[in-house]
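The same chain A turns up in both complexes below, where it pairs with chain B and then with chain C.
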Partner chain A sequence: MINLTSIQYFYQTQMETLTKSVGKKEGKSLVRSQMELQSNEGDQSVGISNDVETLKSKKRKAAITWYIFLLPSFLGILLFMVYPIVESFRLSFFQSNGTIEKFIGIRNFEQVLTSKTFWNTVWNTFFIGFFQIMITIPLGFVFASLINSVRKGQNFFKVIYFLPNVTSIVAAAMIFQFVLHPEMGVVNYALDSLGLPTSTWFSDPSTSKWGVILLAVWHWIGFVIIICLANLQAISPELYEAAKIDGASGIQQWLFITIPNMSGTFAFLLITGWIGGLQRFNEVYVLGGPNGSPARSIQTMGAFIYERGFTGFEFGIASAATYIMFVIILIFTFINLKVSKMKL
Partner chain B sequence: MNQKSMERMSGAVKFLVLLVFGILLMMPFVWMVSVGFDRTANITMPFPPRLIPETISGFNYGIVFENGRLIQSYINSGIVTTSSVFLQVFASLLAGYAFSKGDFKHKKLLFILVLCTLMIPMEPRLIPLYTLFNSFGLLNSFWPLILPTVINGMLIFLCKQFFDQLPSTLREAAQIDGAGEFRIFFNVYLPLSGPIAATMVILSFIWSWNDFMWPLVVLNSQELHTVPLYLASFSLENGTSLGGLTMALATVSILPIVVLYLFLQRYIIQSIALSGVKG
Partner chain C sequence: MLSLKRSFLLLSFALLVAAVLVGCSSNDGASNNVSEGNNNPESEGSGGEGEWEGQSISVQLIGDFTMEASTDPITGEKTKGLEVLKEEFESQHPGATVEFIIMPWEGYTEKTQAMITSGEADVYQMPGIADFAAQGVVEPLQSYIEEDDEFDLDKFIDKQVDGWKALGPDSDELQIYGLPFLGDARFITYDKQLFDEWGVEYLSDYPTMEEVAEKAKQMTGKNPVTGEQNYGIWFRGDWSSAFTLINLAEGQNGRWGTGFAWDEIEFEFDSPEMVSGLEWLLEMQEYAPEGLVSDQGNEKWLTQDNNIGIVLNQGPGDTIMPAYAQGLGDRIGIAQEFKNDENQGGMFAGSPITMAKDSENKELAWEWMKFATSDVMQQYVFEEANAMPSIKSVKTWDSYAEVENLMAPTLEAMSTPWTPRYPWASSQPRFILTSEVEAALTGKRSAQEAVEKAQKESTEWLENRN
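Up next is the complex of A and B:
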């Protein structure tokens, strides 16, 4: 799982490290002048050069200590991040099943990019992701605003609405197989008794994606609400007071103060939502297995990689597919960043 | 109608809307528990759906516990999660502290490298990690699940932010007393890092407990399955043919997390809001 919260904080951090480094320099010079002061008490000429020596070796020693602090994390980065990424790149040019390897150039990429199955998974992934995000963010924001505006039971609603997000998506998918069952499920029963049209959900390729979307909305909405609430409460109350004095109604305040002030939050949710959505795997695996049945209608890019890599043991093909997916995610995140920046 | 009663009205409407939608969101859980207790829910589910089962029985729950695989998977998940949380939180505290208070070459560059790891998804690393652990003969053990969690950019980032807020004068005072860097960390800063450590434990617990794709790749033998893996394999084997049993199993698998959540909800919600984690 990846997370782009950092991007949101990135400039902030850079600013912080900048100001910090300035502060550090002052501190350092202070220490040095203190040392020099001490050394001045003794023999001047020898003292200074001696001090420079000890200061240098002290600094080196200190630096080594700091690297020991970083050792576990950077061993992890090297072994579990850098090596796999490089190795995966190399593998994507080989025909491999884990033991026998043969260099075949860009044939893996050609094969993936001309594969109808792969493009079908790209389509499925984007389709499910698009509707999940376009439904959940507005809906979650409206509910967060409602929760924020009621006087009683705020915490109760927060806890209730967030509950689906705490349960693992695997268990949730298991439950939804029954909830959305065409004949025995509660949803179709409720729709039917209200006189509304029912759906075939997971049992038919033409509707199965909507089942996954419903599950994804149900699971994600609590997260959207919590993030929206945290940011709603951070909007300065003075803005609302000023608007009230100008005679703005509640709806007007919501439209012209709340929504513009939340654009950063929406951007954040859009980006994290897409990153998560493009990596969708767990729920579609539980619902449709590695090939996303019925008829590959809910097979995502992640499932394609799993199918080729770990049921077919075509490591080269799977590696090429992961790189294509990686690039798709990076490009799409970049576009999202640009788009949401423009709105800001 | 005066303004006050208007306001009260709109407040009541909002409350009602929230309540109705909340009930809708809870509906799958309620139905799950109900079906799990229903003796008649076997190959066909009780229809029309009922809130209170016709014949209440603990039959399905009995089978779930008798089978023993759920309990085994709980133990497995417990071992993996505890070890991962400990390793991850400890390594992140160390690194976050160094990035906050440390003074060494390439500090900024190394920190950017840490932030870059946030953008690397699991999928491109899946196959090389698999062959790596295979070559060590560690597949079908918990090591592949525990060891890679040592690096978590998000937690290092949160830690750094936290230590940035703590004054450096504490360090200087301890330095004057002649304490080395490790003693300063363990005796001065670590005792102060309770709040961030709690947040990190919550986050890494959620990540590790719900992890699915990587354990699915690495663990073949059933005895080692974690809870999500056991659920998935049960679901894929049986489809929608064993309604009551599946729902009972889902209930038992969700219950401990829900109870934990209800007790710690304030801290969990705060942690989520702080990090932007996706469960």
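Up next is the complex of A and C:
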């Protein structure tokens, strides 16, 4: 009886609010169910006629509608993401040229993990990624701070610095081949004018990685600046005012107020930068082909996978290398999260 | 109100699903972009009346083919589209329908793999024939050739049929799986004007390594006429450098190795001929502009301001039409690559056409293959698509006579390559050898160490593969 009373109370309050907010039609149907509820009070059972829409069923129907809208994209993800991921895992245990397959257990993993070429690509990937991040984030932050300090033309600088980021990396890589051309490139011309030694850049294994780093820094720095600027503008001005009253200099404000308040942004840039850096493929493919010329000096893990899978028809090896790369990225991102204390 | 809203949402969803389904469905029976420009109602859908009624084939082509007439961006000349071939073939085969699927060279291997796995086309242009024949997805052609009285393999330029022979999944004897469709060749090119300015005699038709080295040395330095810095030689130090090196070994009666099937292949990458070949390349690097390991330094080649005397390992696609487009048709000379005592040497290249094993209209597909290697289509390929034909009758065409000084040595090169083709040309050994040539050219290793490392890594790869 207590339960029934509480249900009655619930319906009453619902009815009142709904008749007020939704309108008469819906309100009437609820009144009807309320009446039925009262009339059945004698035999202690609750009966709701079939043609009545309850709030619950309405909610359920509304929810289904949204699931239906989600369905096409979900199917897309199933077909083009989940299926290839699972299929690639299966393939990593087979020797496969695309049609003819032979199960070989974990031999593909053994081959990749014992391949000096693969570990060379891991080294290249980390080397390029490390210097890209270590140069871009501090430099981008300094530029963002400078842009944030200027009174006029902030938007102009934002656009100018962000432009490289909207350029296609493939086109940028092609242009960089000319920028770093041994004889006709502007970089060597500038170095020569300053009396500094020039380099053959992409024709020398010891400098080609630095060519890629230069390109990567140039391309990514606009993004870093925009993200840093967003954070800089979100730091409360009151903090700076208080610091000024306490007699803090501009540098002290930057060191003790700005930088600590940027930690979340730095962590975000560090993690996304590393994930992007470890997946590097497009620019090194344009600059050095699938085998990272010269002498595999700029071949990344992604290029290794492409070389074995799509030029040599070794889909099993390529799939195994993909999973090894996935594990490397997973472990490294986990370490990054711990180091940067970023909350997921 | 609510039901109207719901109906609207459901209708939107139904439209979305319909759009997705239409987008993902095959083009069977529907007119699509590849058959655009075809105004002949008889050839639509199920085909018209005639001997080949209701039969249709899809033909995959790679490269600079277009369905409709277009203007060449380099020469400015109008070129005809594939629609003229479609009309011709369909009028020769009443009732038949042919459709084209054109793809770019970029990533053609994986695209062909995807297409052939899903049975998208009946006839394929297939440079990677050895890999696909081994998968058992292409039809052997010997029986078609034998049963067809009209067809004669002698019409092809020498070596072209042999060059494309491949091994099937279970056979250990090379068979014909493809007909030569686009020709290609590798040769040495040189700038006659630079030779004249330096007072050096032109390269002979079949130069030796010594001759090339000597003339390259003579032409490096300040040009006596123009005063510009000239370089005697240039070659790609990356991508194709493995083939340049193999050709140097062939020129000294060496070879890459033996065998065709993976379990029979034995590499000879560390042979004395390979070592001396690589040492020769290292020496030649002294007479080349900087940057050849990253495909740089040759920016002025095939321009009026050219500063390079000799360029190794070139193909007709990069040379003949671009030379004429720049008005350098008479200035550029072609010499043969290094040949062995049997007059063989240089990479075999080009594209054959093959028939898919699961084609439903194999007779019509064969008819197309004959048509594609007939004078009509071969002439189209040469005149409209800037590609090399594969048949001997090219010499009788007017269009050949106009460019004969460059075409004659090209055809010569096409009839003297190393056959069968290098079976490892798109696999790991190619990349291993290329990387080691690069390592030697950039001073990381000596020639001897580089070829030994290439031999070791290639042999290990082969062992793991088998």
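As a working rule, the second predicted complex is superposed on the first by the 277 of 344 C-alpha atoms of A that agree within 3 Å, B and C clash if a C-alpha of one lies under 4 Å from a C-alpha of the other, contacts with A are read in each partner's own complex, and residues count from 1 in each chain.
Definition applied: contacts are C-beta pairs under 8 Å (C-beta built on N, C-alpha and C of every residue); 3 or more make two chains touch, one makes a residue touch a chain.
Keep in mind that what you see is a predicted model, and the values were worked out from it rather than measured.
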item	value
Joint occupancy of chain A by chain B and chain C, clash or fit	clash
Touching partner for A:L194 - first (chain B), second (chain C), both, neither	neither
Touching partner for A:A295 - first (chain B), second (chain C), both, neither	second
Partner chain in contact with A:G312 - chain B first, chain C second, else both or neither	second
Touching partner for A:P72 - first (chain B), second (chain C), both, neither	both
Contacts of A:Q111 with chain B and chain C, given as first, second, both or neither	second
First (chain B), second (chain C), both or neither touched by A:G98	both
First (chain B), second (chain C), both or neither touched by A:P182	second
First, second, both or neither for A:I245, with chain B first and chain C second	neither
Which of chain B and chain C A:D204 touches, first, second, both or neither	second
Which partner reaches more residues of chain A (counting touched residues only), chain B or chain C	B
Intersection of the chain A residues that touch chain B with those that touch chain C	65, 69, 72, 98, 177, 181, 183-184, 289, 310
Chain A-touching residues of chain B, taken from the complex the two chains share	10-11, 14-15, 17-18, 21-22, 25-29, 31-32, 35, 44-45, 47-49, 87, 90-92, 94-95, 97-98, 102-105, 107-108, 110-111, 113-115, 117-132, 134, 147-148, 150-151, 153-154, 156-157, 160-161, 164, 168, 180-182, 185, 206-207, 209-210, 212-213, 216-217, 227-228, 231-232, 234-236, 239-240, 243, 246-247, 249-250, 253-254, 257-258, 261-262, 265, 268-269, 272-273, 275-279
Chain A to chain B touching residues, read off their complex	1-6, 8-10, 13, 16-17, 20-21, 24, 27-28, 59, 62-63, 65-67, 69-70, 72-77, 79-81, 83-85, 87-88, 91, 98, 143, 146-147, 149-153, 157-179, 181, 183-186, 189, 218, 220-221, 223, 226-227, 229-230, 250, 268, 272, 275-276, 279, 281-282, 285-286, 289, 301-302, 305-306, 309-310, 315, 318-319, 322-323, 325-326, 329-330, 333
For the chain A and chain C complex, residues of the former touching the latter	61, 65, 68-69, 72, 95, 97-100, 107, 111, 177, 181-184, 200-205, 208, 287-291, 293-296, 307-308, 310-314
Contact footprint of chain A on chain C as seen in their complex	6, 9, 13, 16-17, 20, 107, 109-110, 113, 117, 131, 134-137, 169, 237-239, 289-294, 296-297, 299, 426-428, 431, 434-436, 438-439, 441-442, 444, 464-465
